[in-house]
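Here chain A shows up in two complexes: once beside chain B, once beside chain C.
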Partner chain A sequence: MQSKCHLAWATDEEIRNKGANGGFVTATLVSALETNFIDLALVVKKKSVYEGILVLTSDPEEVKASAGSLHGVPINLAQSVLEYAADKRVGLPTKPCDARGIIELVKRKQINLENVYLIGLNCGGTLHPLRMREMAMAADCFGIDPDSVQREEITGGKLFLEYNEEGEEKEQGIKIDELERQGRGRRDACKSCITKIPIMADLACGNWGVPPGEKKTFVEVLTEKGAAILNNALTSGAIAVEDAPLEGIELRKKIEASMQKLAERWKGALDPLIDLSPSERFAFYKEELQRCIHCGACREVCPVCACEEDAKCLGLNEESDAYAVSMYNLIRIVHLMDSCIHCGQCEEVCPVDIPLTLIQRRFSERMQRHLEYTPGMDVTQTPPLNETKLRWSAEVE
Partner chain B sequence: METITSICPGCSIGCGLYMVESEGEEGRKLRVVHRKVAPMNEGKLCKFGMRLPSYYNREPLRNSVDGTEVDQDGAIEAAKERLKSMNPDEIAFVALPSTTTNEELVSFASLASGFGGENLSFGFERFFRDIPEEAYYAIENGLPFTDVETASKIVLFFLDPYVHYPLLARRILKAKRNGAQIIEVSFTKNERGIADECIVVAPHEFESLREQKALFKDSLIIGELTPYTNPHLVSLMLWLQASTSSRLLLLKPFLNVTGALLMGGGGKGAEKRKGLFEILDKIDSGKIKALYLLETDLTSVLLRGEAVKETLSKLDLLIEQHAFRTPLSELATITLGSEPFYRKHGTVVNIEGRLLALGGESATGLQILERMGNGRSYEELHSDVKNLLGVGSSEPSEFEIAVPRTERKFEVAFLTEFIDSFISLLKLERKEESGEEGYSLWYKTNPFFWAGIRDKRFVEISPAAMRTLGLFSGDQVELALGELKEKVGFKISDVLDDLIVSEDKLAIQPLEGRWSEVDQRGLPTSVALRRAT
Partner chain C sequence: MAEEEWEPKILAFCCNWCSYAGADAAGLERRQIPPTVRVIRVMCSGRIDPAFVLMGFLEGADAVLVTGCHIGDCHYVDANYKTRNRYEFLKEFVEELGLEPERLHLKWISASEGPIFADMVREVTEKVKKLGPSPLRRTWKS
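Showing the complex of A and B:
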């Protein structure tokens, strides 16, 4: 389908004000629920700017309550769709990494994509909530009471915090570049992520390309499903839509390209192994991976992992083996070579701080490049390792 | 789908998490989800935390009297009446606080006090008996993890953080990245290489620690305190702290021990209160005839599970209040079913001194206690908790250390009898030729151990033992204690030649002997080791 770009916004004043960029995403999901277009919405409900909880709901009011940006809640929704909504018509806002995880699970026949409406969100990156608190508090950064922060937003390359000081509403913004020069800012996985616009979703929404000062969402319609859910919201009067201006389309492309360029630079900067010899790299892998306590958290949160209890990484591992690096880790590295989307969830939950994103990326990225395969981007592309197996099976037959 | 903000009950770190309950085609489903904003653990969880759904998916305990199911009112009335009919000296109250809130502990202590109160144990009384009052704080209070991360020297004293307290390991690694020197003193070398220097000490070489005092100077000594810790080992750690200008951090295996110790279960008045093993001895001797167990399965917690059952079967009245059925439920005269920990409303104190609020809304357990006793509201009890902890009237956030510790100076003597006691227990002298006899089984305790859940199913032995017994990869070993035998896998580790290390609680256990003699001295057990056929 030929993609089409619009500017859109919620017609409901409250949603328009509360939601990010004119509340298009919230209004679209609310309308989809109200018109029975979907059964459920999966949204993140804000507890504070540092915390949100997943809510699977058929109640439009709960969706309205979840409106607004939450860059400090870096979760991946793919496994939650699988867990709670695999057989329901569900709509959800998705960052590119959420959508990529879902696409990989679709390929593994875990989720029926026909039932899932992916309202993609352009994403410049998310922040770890505790690092965000530290940024708020640090005297050489925002220097404010972290609990006074009511709202945050990333726009124009800056992180803005809105806070309350002695009864007065205030706002401060600091350039993301500056934060990252200080060793702060976005999660490492986000810094080096080049998928900024979720082109694998049904819609791609964001503020890049929106004329300055306008509370509107730039919406790219990417699939028939995307067109259908947008039309549903339009027909029900929940949103208003106009064509995106050409200069907005160009600006959006420019922003994406410049962020991708920055991400490529980060990839190098975040890799301490580039200049090391193979034996030094091996020593690094061994030292890091031998700390593994086999909690299984990395596997549990992995958005593309579809194996269940009979997984190879579990079945071929024995903790009493005296290997420096366990089979669990080795098998996971191999198994994820063609499917790892480098979202960083595994590293973030690792109780012994193994740099799993770096290790996984070092092995998988080269292979994905060689196989000309980027996981999670195109639902029609078969994962190469699966394809090899299928070809081999066909030859044997 | 319901998301409840919760805390892991696996140890005193108190890791933050979410429990997510949902209804599916296969019924109710429970999932654990990482809560990244939790300052204690940044959302990270160890293997025990990851397995909380199965920990919570146990059979609920129903209300019953003499084996017959009754409603809650009936069970409470029967418990009240029967307790009132007993002589106060014959009643004991025990709570090892892993799933009990501060409010429940205050209520439980008040209930015990109403019945005489001297036989109340939170499991740690005996450690305060022979130490100066000025040193109580080192046992009662922990330290914030920022103090670990910023320490310049850390001594891990018989503590493998990866096994005992996995979420502590990353704090020590951070200290190491910050330039700290990490020293490990133990019977085994930590295979994951956290320490810069490892001092493997056999018990008969303990005297050498006196000469190696300089090694500990100005350090943060990290050890652990469990109901099984040898009190002489505690004295040794206190002596090391006092004589080397160091600080001591004692991790504990139950979530709310810090809360329990700071709210009256600690040093103050400990000499009057009976300890856990004394209570068990008194049950054996018939002096205690009634026991109220609050969320405490002694067969899981204590090494000698079968002996626990034998001892408790001598009681006239056993009241068990718990969320789940335990091996003791069939022995219990009265059972009182409460809610699982993640459903509770209330607070706990973690090892850092954070006052943490649980996200549940239920107060079933607390209401049972209050209906048994004074009938106060949650608000009144919570206010008592804050007074006892000295936090004032505010509600401290999880991001602050609500109960900080104040360091005090004290003196403790170096106890040579400690060395003798340890040598006699472990018999770990290197022999000319090892045979099948004379091995010592040493437990590396961890949350699975205390919850009575098997996890690893192998033991660690030395290369020398492997050679002596002619073992090959894939073999199993048999451990024997008298008539009791257990077959398990093995792993070769850098342990002392005659030492066997287990992270699992094995079924071989001494069946005979007084609790205050066999258990109070610590965990090591002398066993035989052979190749399993």
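Showing the complex of A and C:
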């Protein structure tokens, strides 16, 4: 156990075959539950390709049933950890945005990080379930019955759908780039996300850097907690580990860099405000925010919000301000300027389709650049909004 | 009757220990201050939540002034450092939103600096008169 990067796989053949690549994550969670290393595991159980159920369980069988990837269920687990398992030892597989949300909640003293085992997953992006249905159905795309899809997988830049047609198992793959040129593909937030490897979690797992054809998981150990849960699984015999080959490490870095480059390009392409004058920008924001009906859904799903019912955004808002730019909109923007992790959950749930991913990104990226602060990366950095010390040289006299 | 000239509404947050006394001093010295300014006294500029400023804008303020003791002079030791921090957030917010940056100001004014307060109000009034009413004041979608 000298090097930090490993190739690992489940020794249980059933888990190994069901898992997306090697079943390492499932095997680790199962063995941690069996050896009482953690009390609970929080996993997303697949109901269909478009639907998953959040399961908080101490039963290893439930965890086994959740094995495999689910790109069509883009939920964020941070608020669920807070709500159901804040005082338990809990292990969970996390996308980078889940992990960043949890780190932000730890900073706000909502979750004890000692209790949470973050098994990070490399993430190239998720798909909105409705968009995925459209893709499956559209004649110029997959052109199949969306309900016949049994499995989905993203490998090598291609989206594969396995489906059932007249009793026959079939598989089709289309390049993600091609889908995205048609305006389909991943969610906007994922297209422009540059955190592809969860370096803030305890372990970072994925198939980038695994030699082709092998059913193994590339695992990077990032913290002592991560080493502990890996060792626990190793000593109980649930997983087997070997050192990662050097070319694998290089390849993983290369994949990450190229995805980040693509994300930077998307950032510009998805931003219609980039060349607008301030007054045009104002008109855009006003037009979009005026549609808000104050249902509070964006606040409810936001992984970094921790004010609960005492929130200023609700307390200072006036009910009569529906269909106007309101305190709710403005306070939420200001409060998220230093801590928005750009996960896009708010846009997902908005009933009036306000482009919140874009709006929050415009405001928060500007501020975070100014502060030289990236939220959700380092627990020791407190949120700057209520700090006394300045992060920049003072300009006011 | 000729139509009255439009007068901007300027909201000034003044801290109890320095800038409110500064505004008072301006009056005692019989300096002319445009009647555009509305002063809200707070115990400390650190009490000024960004939400107050935003609410001011929504309620119809054409400009908002945040004033307090000089850095190092705060009655509550270091609270105006927080003001300075939050003001940076507001400044970035106002600029990104597309509102003119001239509508938001931060100024440190001590109890003896009445002229500075008067000059500032006059200056901001001039600027905002040119800019016209704030587009952020509360309006409903028709």
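By definition in this document, the second predicted complex is superposed on the first by the 381 of 397 C-alpha atoms of A that agree within 3 Å, B and C clash if a C-alpha of one lies under 4 Å from a C-alpha of the other, contacts with A are read in each partner's own complex, and residues count from 1 in each chain.
Keep in mind that, in the parts below, a contact is a pair of C-beta atoms (placed from the backbone, for glycine too) under 8 Å apart; a residue touches a chain by one contact, two chains touch by 3 or more.
Nothing here was measured: the structure is a model prediction, and the numbers come from that model.
> Identify the partner contact of A:290: answer first if only chain B is touched, second if only chain C is, both if each is, neither if none is.
Both partners.
> Contacts for A:348 in the overlay, against chain B (first) and chain C (second): which applies, first, second, both or neither?
first
> May I ask you to decide whether A:323 touches chain B, chain C, both, or neither, giving the answer as first, second, both or neither?
The second partner, chain C, only.
> Contacts for A:265 in the overlay, against chain B (first) and chain C (second): which applies, first, second, both or neither?
neither
> Figure out whether A:281 sits in contact with chain B (first) or chain C (second), or with both, or with neither.
A:281 contacts chain C only, not chain B.
> By the touch definition at the top of the document, which applies to A:50: first (chain B), second (chain C), both, or neither?
So A:50 only meets chain B here.
> By the touch definition at the top of the document, which applies to A:84: first (chain B), second (chain C), both, or neither?
first
> Intersection of chain A residues contacting chain B with those contacting chain C?
290-291, 321
> Contact residues on chain B for chain A in the complex?
The touching residues are 1, 3, 5, 18, 20, 22, 31, 33-37, 39, 41-47, 49-50, 162-163, 166-167, 169-170, 173, 191-193, 397, 399, 456, 458, 489-493.
> Which of the residues in chain A come into contact with chain C in the complex?
277-283, 285-286, 290-291, 312, 316, 321, 323-327, 330-331, 333-334, 337-338, 362-363, 366-367, 370, 384-390, 392, 394, 396-397
> Which stretch or stretches of chain C touch chain A in the complex?
Per the stated touch rule, the residues are 49-51, 54-55, 58, 71, 78, 81-82, 84-90, 92-93, 95-100, 106-108, 135-136, 138-141.
> How about chain A: which of its residues touch chain B in the complex?
On the chain A side, the touching residues are 48, 50-51, 53-56, 72-75, 83-84, 128-130, 133, 146-147, 287, 290-291, 293-297, 300-301, 319-322, 348-353.
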